Structures are given as C-alpha cells and as structure tokens.
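Input: structures, listed below.
Shared between the two complexes below is chain A, which has chain B as its partner in the first and chain C in the second.
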Partner chain A sequence: MSLAPHPDPADYLAMVRRKRLYGGVLLVLFVVLMVSGFRVADARNAGGFFDGLHRVLDFPAEIFTEAFANWQNLPGLFVQFIPSLIETLNIAAVSTMFGALLAMVLAFLSTRGLALWPRMTPVFRRMMDIMRAVPEIVIALVLIFLLGGGPVPAMIAIAFHTTGALGKLFSEAAENADLKPVEGLASTGAGWIQRMWLGILPQVAPNWSSYALLRFEINIRASAILGFVGSGGIGYDLKTALQWGQGKYDQVVAIFALLLLTIIVVDHFSDRARARLVKGGLEA
Partner chain B sequence: MSLAATNIDAVRTGVVQRFRVRKRLSLAVPGLILLYLAYIFFAFDIPGVASRAKPENAAILLGDFWSYKTHVTRDNRSGVVTTAIEGERKGEYPAGAGPDWLTLGDVTRIDLPGGAEVRYMADGGAELAIPDFGEMSVALDGRKIAVTLPDDTDQPNWMSLSKNRISLNRGDWRFAMTPAKTETFRYQAGWELFFFTLDSPFHGKSVGDLIALVASGERVVPDRSNLSAMAHDIWTNKMWRHSDVFWAMGETVLMAFLGTMGAGLIALPLAFFAASNFTPARWLRLGLRRVFDLFRGIDGLIWTVILSRAFGPGPMTGALAILMTDTGTFGKTFSEALENIDGKQVEGVQSTGANAPQRMRFGVIPQIAPVILSQLLYYLESNTRSATVIGALVGGGIGLLLTQAIITQKDWEEVCYYMVLIVLTVMLLDSLSGWVRRRIIKG
Partner chain C sequence: MKIDIVNVSKIYGTKAAVDNVSLSLGGSGFVGIIGRSGAGKSTLLRMLNRLSDATKGQILVDGTDILALKGVEKRAWQSRCAMVFQQFNLVPRMDVASNVLHGLLGRRSTLTTLFNLWSEADIRQALDILDRLGVAEQAAKRAEALSGGQQQRVAIARALMQDPAIILADEPIASLDPMNAQVVMDTLKRIQTEDGRMVIANLHTLDTARRYCDRVIGMRDGRVVFDGTPEKLTTGVARDIYGADGTFSEAATSTAIETLQPDTDYAVAMLGD
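Moving on to the complex of A and B:
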C-alpha cells in the first residue's frame, strides 16, 4: 500500500461518482421492486388495498362496541379463557425446554473445536438449517393427522423449529468460548460429555439462557397461531369465537386482551432477565 | 499474612454456606423441572395421545412421500378397464394404453412385484397367481363374489373377505374386488408425472433422450422448439401444477418482502423521534416507544384476523400483517441503534458547516446503515417462514396450497414437494442475505 504523494483528485471523484451510480441503481431497483410488488400483491388480493384502507377500523369498532355493550361479561370471560391461555403458555414453555436441550447437543456437535466427530459438523449444521427452515405449521398439521388434535402436535412442531433456531445461535456463542478449560479437563481424562458439561456450559450458560428466553417469547406467539389451525390453547378459542361471529365478539375482545397482556408482561420480564444475564452475569 | 482464627472461621462458614445453597439449587432446579414435566404429562394427556395416535396414517403418509400408486380398475358392469396414476382423472392413460407391466386384451394381465400376477378374466372374474401361496380365483356371482383359494390353504392375514368384498394387501400391491368393480393398485417409488403428464409427447423418455431431443433440430411439437415445448409442458403440468406452485411461492416471498421493507420504511423516520439524542421531548419519545411495544405485542395472529376483515384473503393482507408487527420491532431496534451512534462523527461533519440534512446523511446514516440492513435482511428471511404460516391463515401463497393439500389427507407427495420448496427457498434467502450482509457490512 504505497500512498501516492499527490493522489489524483480525478480518480477520487470518479470513484465517488461510481459509488453514487451504484447507490442510485440500487435505489431505483428497490423502488421498482416495491411498487411492482405492491401492485402484484394488490391485484392478487381479494379486496384492494385502497378499498380496504378505510375499512381497517370497522372490524375493531364492531367488536369493541359489542364488547362494551356487554362489558359485565368480560371479567367472567377472562376467567373462562385462563385455562386455554395456560395451555398456550405450557406449549411454549415445554417446547422451548426440549428445543433448547436438543439445540444444546446439536450445538456442541456442530461447533468447530468442540465437536465429538469433527467430520460430521457440516452434517449437523445442515440438519439445523433444515429444521430452522421448516415452518411450524407444516409439522403441526402433519402431526395432527397422525396424533389427533391437542397440544402435543403443536409442542413437537415448535420444539423442532426451536431446535434449529437455537442450535445456530448456541453454536455461534460456543465458538467464542475459551477452550482452555476443555484442555484442562481433557488432561484429567474427562470424557467428551464431561468436558462439555463442565468446561463449556458454564461459560456459555448466560448467553444461552438469554437466547432461550427470547425464543420463549417467540414461541408464545407461535403456539397461539398453531392453536388457530387446530391444536388447542387460546388460538383455538379465538377461532371458534370468530367463526361464531356476532354475538361472541366479547369473547374475541377478551382473548385479544389476554393474549396482548400476556405477551407484553412476558416480554417485559424476559427483557429484564436477559439484560441481567448478558450484562451482569448471574447475580453474584 | 496471618488471619485471626475468628476471621478464618467466618470465611469458612461463609463458603460452606454458599456451597450448601449452590448444592440445594442444583438439586432444586432439575427437581422443579421434573415436577413441571410431570404436570405437563397429565395436562397434555400424553397417555391419551398414545391411544389416539393412528400409526396406519403414518404408514400412508410415509409411503406417499416417496412413492405413487397406479390404479388398474375394471368396471364389472361395463367391462371397461381404466388405468390411472393415483386414480386421478388427470393421470389417466388413454384407452388401450398403459405402463409396460400391463397387458390389455380380452384378458387384462397385470404383472406385480415379487412375481405375482393378476388377471381380469373375460367372464368378469379375476385370477391371481401369488408365489408361495398359489393360484386363486374370484368369480362374480350376482350380487356376491365367490372366492376359490388354493387347495389346503386357510385365509391368510393379508386377506380380508366378506360376502361381497375381497381385499388383499401385499405391501407393494393391493387387490380389491366387489361385484361393482375390480381394482389393483401397484405402488412404485418416485413422483410420477412430476415433469411430464401422460398427454405430453415427452412422457416416459429418459434424460438422455430428452437431451438428444433438445440438441436435435427435429421438432416434436411443430410450432415450438423442443426446449420450449418441454418447458411449456412442465409449466402447465396438470398433476403437479408447477406454475401455480411457483406463483404461490412467489406470493409468499412477496408478502415477506413487502412487509419487511414497508415496515423498515415506516419505522426508520419514526425511530428518530423515539431516540433520546434526536428528540429531547420526553413525552413524544416515550409515547412512540409505547406505540412500538403495542404493535409488537399485538401478535401477528391478531393483525391477521383484523386485516383480513378489511382486505379479504390474499398476499396484500399477509404483507400488511407482517408490516404491522415488524414496524414495532424495527422501531425499537432502530431507535436503539440511533441512540448508540457516536456523536463525534456528527460533530465532525457539523464542523465543516454542514446543515441538518447533510449531518444526517453523512454523520448518522453511515453509522446505522449496517445495523438497519442486517436487521432487514435477517427479518426478510425469517418472515418468509412466517409468511407461510400467515398465508395459511389468510389464504394466500404457498401456505394456502399446503393447508389444502394436508386437508385432503391423501396428497402427501404434494405436501412433501411444497415442504422441500419452502425449505429450499428459506435456505436460499438465508445464504443470500448472509452474502449481502458480508459484502456490504464488511467491504
């Protein structure tokens, strides 16, 4: 890298111009994609965007008027839907737990320097990529066909996806772990499981727990959605209430409120817990 | 160096105490988890799942994933034999034609795996030759059927028999006969008709033949070149509907793209008003943050329900649902990124006499662009997956095709096809976004 004493300003200006040109082309491309994408989506939608725009608030207005007219039902409805809400939360919690456990194993197996069979790392990585890419709904629907309705298909589906998603994050965190404890343990004759359990896990535990908590937040939403396609929990109640239509809108409002409240509360606490985990480590 | 004895004791008790707490914790946490799992075991009715599970469905599904069946059906009243793939009208062979293991004529002969043969006789009956079992025949007898088993044999467990129905399940082939019709299913590996349907002139040709056809000038279809005729036949395949599937997949990606980018466009300006170093007004900042929280908190499911009432089913509704949730997410992360920028760079630009827009353009944007870009790309990939789910709810894109195929409970090979397609698309977008991120952020 020899710097010319007097760099040619023409070169610099040419470079700036080229950079601007690239930026301009990218911008135009982006605008074209957005506009044409919007038009295609609008054309293929049942109702047009501009026709629907002024009706966005109609449905909320309708359900809220009905709910306010029957406001005295709401406390009772909250109590009525608590069990389904708990089911939704349970699905999310159990699937996060199992997913995290499996992800832990896969992460150890697919991280360079830690893997039990180094040659197999790409295989485990691909496996996680695929697990991450399959949408939960596919597995849930297939499992409903095999196992019948209920929370178990949703649990397995979410756990499957969680394994892939967390496995990648876990493995990235484990890559930065210090290998000296592992070497130390190896010198005492510790087996692979002992090396991972005692050498790596304590180092990555805060980060991993933080990722798992974040995943738990995401999984609550996923579990609510899967309920909507037929596997229990509050999503299923929402679907039934919506299908009934007018007359059960107070239920819809109650479910919306419960779901919103739960998500905000869980997000809040998990946000705080994660900040503590990542910044301060576990409380000394 | 010397510690007083009391001091040592105090330290020791402290350490011992801490160890005791640790020990109790390390026992209590797994214990609590086990208790929770025990509760889940009953709350989710795991014992009931075992009784409700349908293993025979699993066999159907797995078989369908990688194999197809050909139906050879005779209407016993008219005597007409039809051969159709998956028994579908779209997969029907033209009259008088069939796969090479089928011989049509007065007697229809069907060669089956394992050396077995089924013959549809001219008198309306059927004869079956099954190795290790023998010759058997089924005759029509008015509204009943009469079965003659080989000598000295009992009814085997793969056969079910009643007055007016016999059915055999031999794994890779099945046979069933009622007074109304005689049916033989033969199972074979692969996805038949995936590229060319039976009405295409290219059906049944090997890869080598097809390449030779492309290379040769002789046209199979007069008004098209061979390559374009092949592409046309694949694209308009009625069994697998490739054009519909690709449109649907495109719709799903479009939903994710419009939703993610739209959310980014809306959230970016708003983020400036939610960042403390750009907006001194506390009420505005906190108000906006709460709005972001609300949009994030209202689940995609709720947005989908509300929006599909206004816009009807389709990709626009899905895109808007993604846009709503992600506006909240982006608003939060972008404003945090803005709060973390280095003020010195802005000052430096200011010292050259730059006005406010120039300070933004040259002092702020270069600092947050990588964060924004990597966020957008990451969400684009993850939203493609969400768009599948949302598509299933609002009725658009590949999600809709997928749920439709699953609901029929028989087109599992199509479910498999869509799944593979989704996985490939998501993985493609994943590596694409990774590549762009590396290019733009590092270089």
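Moving on to the complex of A and C:
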C-alpha cells in the first residue's frame, strides 16, 4: 500500500489566505450595506433617529407617572377589564381549536407516505403556505369590512392563519411516524381514515398537542392585537385607553399588567403540559 | 379455497422482484417459502394481501382475480387474508385487546372502530383469542410493553380476529429468540391443523421449513426454483435455492431452534393448553 503524495504546505497556506480575503471582502460589503441602509432609512424618517432618541422613554414615563398618581384605581380596573380579557382568551381558544382540527386534516393529506391522494400533496402544501403567509390582521380587516366588527372575524382570521402554521408542523411530525402499524392496519382491510386515526394519531398526539398549546399562546397575543382593528376583547380597550390626552393611562397599565400575567400563567402551564405530553406521561 | 397465481411479476424500475411466478395453492396446508433476502418472498406475500400491487399477472382466488379488486372489494379480500409481519406491526401505544380488535376494521362501521365502540361480543371474542394464544393476561397492557414473542402472538390474535381463510406470515420469527420462535411457529401450526386455515410463511431457516411445512417453495431472484415436500429439500437443493458456492453450510441458515426439545413444557405452558 502506498501513501498518498505528501501535500505541499504552500498549497494549504494559499487556501487559507484566499479564504481570509473572501471573508474580509464579505465583512466590508456587509458593513457598507448596513451603514448606507441606515442612512437611507434615517433620511426618509420625518424626525431623524438621533434627534428623537432621547425622547423614546418620554411616553412610557408619562404613562407610569399618571398611573402611579392614580394607583388606587388599579384594583378596580383589573376587575373592570377581566370580561374583555376572557373574550380575548376565548377568541384565541376557539380559533386554536378550529385551526388545529383543520390542520390535522391538511397534515394527513399533505404528508408523504400518508396522503390519501399522493399527487395532490403539493396542492395541500401550497394551500397551507398561503394560509400561513397572509397575516391575521389583513384577513381580519377584510372580514371586519364584510361582516362588521366583533369577535367572529377575529376568530376566522386567527383560525385561518393557525391552520397554515400548525398544518406544516403537524405534517413534519407525522412524516417521522412509524409506518409499520399503518401497514399492519392496512393488511386487515382498514380504510384510510382508520389507518390515520388508529395508526398515526396515537403516535403523533403528544407532539401535536404540544404544538397546539404553543400556538394557543401565540394566538392570545394575536387576539389582543386584533382588538385594535375592532374585533373586541382587551385589545379594543387598550386602543381606546392609549389615545393621548384622555387621562386613561392607569387603564393602559392595568391592561398591560393583565396581559402580561395571563401570558406568564399560560406559558407556565403549557410548558408543564407540553413536557409531560412529549415524555409520554399522559395517555395519548 | 383455491389460489392460482398466474404469471405474476413485480418490477421496481428495471429489476424484477418477482419474475413471472405461477403457483397453485389449495386446501389448508402449511406452505413455507424459503430463499435469500431479496428473492421476492415478501413481495409475493404482499401482493397476495394487496399491500403491494403487481406489475402484471393474475391471482385467482376461487376464480376471482384479487389483483383487480378495488375499494370495498379489495378491503373485503384483505380482511379474509390475514397477515403477520416480522416486526409485528402492532400499534405500540394502544392496548393489546384494541390491537386484536383491529382485525375487525374491515367489517365494522368506521364510527365503531374510530371511537372504540366495539360490541361486548366483539370484545369477548378478542379476549377468547388472546386466551387461546396464552396472552390473555396482557390484554389491558400497551402493546409496546410486551416482549417480542408476546407481541407476535398478539399479531397472530389480530389475524385470527379476521377469521381468515388464509394467514400470510412474512418472516414471523426472524426477530425472535429461538424459544419464542418455537412458540410462535407452534401457534401457527396449531391454527393451521385445528382450524383448517391455510398458512403461508416466509421462513429464513431450512430446519424450520422442514419441521413445520407440508410443502416448501424455494425462490431465487424472483423465480420459483423449488416446489415440493420437505423431504425433497436436500442440502443440494438448498444450495441451489440459496445460490451458494462451495462455502455454503446449512448450519448458517439455522437458528438454535433445533437444539430445543420439541414440545417442551415451557412451550406448552405458553400456549395455554
């Protein structure tokens, strides 16, 4: 056996120099792009970034000063806003549920190896891409225009987006499922729905529930934001309170505190639930 | 039931996994198919059950070409033609009795099967079958909690739940230790003799084929190269089937199954006789 010819160190050094040169050029290019980009953005800005920088904290300061002066209102305000908070949570929960159910169907139809009509998988995938690409607020604005304000347009908008987002995650989890049980069921004469429900669902249920819980958290925020465009819930109250010069900044602080608390609580419990689900501590 | 396989081929790309096979199978015997990995044994069984489609040919069951069946009729054939797999292919996260009840998937309404609304009679029957195979105590456990040998018996129970005329077993003991292998083979043999069902099993080892089969079919490169009684399966014939050169030793295809005493107390106890 002969050894490979001894490599020339000069070749390797030349390669190192070449790589350094390319790296340096790329770095300079990146810095130039960032600086020039910032200058363009700043020039088009009405005020100017550095002129306004020291005022960034003025507004929050004003809000907190005013709220602090009226601190005795806060407990009453918490109680006052709880119904809107529940409305926001309900919008998030219902839209997560409907979105997840639709996502299940689309995931089964678009997963390689499972699809009922294998040739149609790209169609269902593109459908989910579109649902994911359109922001909730755009759908909500269109629906509010058509159906009028209220929670229904918000639920449809969030469910639509959720279907696209969860469908993709569901499909990826299903792709990793073991196909042997499905084959076993197929050999007994099971139909497609039976194979998916009995063969795949028990395997993916922990992961899918975990994704759906995560999506519920995201949807609470989405639901609050949609309040700004007129779908009700705590977002609407926030928009009204935030308007300048009304002396309602104590309400703003109450709403933010409630939202923050809700997110922390939901996050805490869904973290624990998800950990248990993925570890298989619960019956699927 | 009479099965006539007529000029059946399965072609993947340019390679024929099963190459123009014709066979007649009838009655209620125990048929073993032997051959190297890739000889087309599994593909043949999968086409019989319609898990795979044939590229060409016919499989006539009492005169009906089951390869041409579609939809409901195809599923009806599958429910009469049970299959047992090397890796058991149970649903791991479901309990054992539910897995056995899956044998009825082709015969009960979708609603019944999806929401576990099996009738009491169905559940009793599943438990009876588990009892017959000696795994009744495991009925409420998750399938994944069982040993390989137990899982394979649950898979056979699922097959029996189908009340099939024919049971196809694709390497049923290849993942099992010798002791469990013997229990599983004895179970299949008992089902064949007591119930009068035909069993067709792909087997990896010559001695298993010799001991359990009434008829042995040898396959090589997708073709049938031997078809006869176990007595005719000499070392020379085996060498042909396995395409072996001078280094072929029959022992290499054997498991330790032959070193076990036949009908040991253990095996009998496991069968629940």
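By definition in this document, the second predicted complex is superposed on the first by the 269 of 284 C-alpha atoms of A that agree within 3 Å, B and C clash if a C-alpha of one lies under 4 Å from a C-alpha of the other, contacts with A are read in each partner's own complex, and residues count from 1 in each chain.
The working rule: a contact is a pair of C-beta atoms (placed from the backbone, for glycine too) under 8 Å apart; a residue touches a chain by one contact, two chains touch by 3 or more.
Remember, it's a predicted structure, so these values are computed and weren't measured experimentally.
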| item | value |
| --- | --- |
| Side-by-side fit of chain B and chain C on chain A, or clash | fit |
| Which of chain B and chain C A:Asn45 touches, first, second, both or neither | first |
| Larger contact residue set on chain A - chain B or chain C | B |
| Which superposed partner A:Gly230 touches (first chain B, second chain C, both, neither) | neither |
| Which superposed partner A:Leu198 touches (first chain B, second chain C, both, neither) | second |
| Partner chain in contact with A:Gly189 - chain B first, chain C second, else both or neither | second |
| First, second, both or neither for A:Lys180, with chain B first and chain C second | second |
| Contacts of A:Gly150 with chain B and chain C, given as first, second, both or neither | first |
| Which superposed partner A:Arg221 touches (first chain B, second chain C, both, neither) | first |
| C-alpha centroid angle, chain C to chain B via chain A, nearest 10° | 110 |
| Minimum C-alpha separation between chain B and chain C after superposing on chain A, in Å | 5 |
| Contact set on chain A toward chain C in their complex | 178, 180-181, 183-191, 193-194, 197-199, 202-203, 284 |
| Sites on chain A touched by chain B in the complex | 30, 33-34, 37-38, 40-42, 44-49, 52-53, 55-56, 58-60, 87, 90, 93-94, 97, 129-130, 132-138, 141-142, 145-148, 150-152, 155, 221, 224-225, 228-229, 235, 238, 242, 256, 259-260, 263-264, 267 |
| Footprint of chain A on chain C - complex, ascending | 49, 51, 74-79, 82-83, 85, 87-94, 102-107, 110, 113-114, 155, 158, 162 |
| Parts of chain B lying in touch with chain A, wherever the complex brings them together | 33, 36-37, 40, 43-46, 48-49, 52-55, 57-58, 61, 251, 254-255, 257-258, 261-262, 293-294, 296-302, 305-307, 309-317, 319, 385-386, 388-389, 392-393, 396, 399, 402-403, 406, 409, 415, 418-419, 422-423, 426-427, 430 |
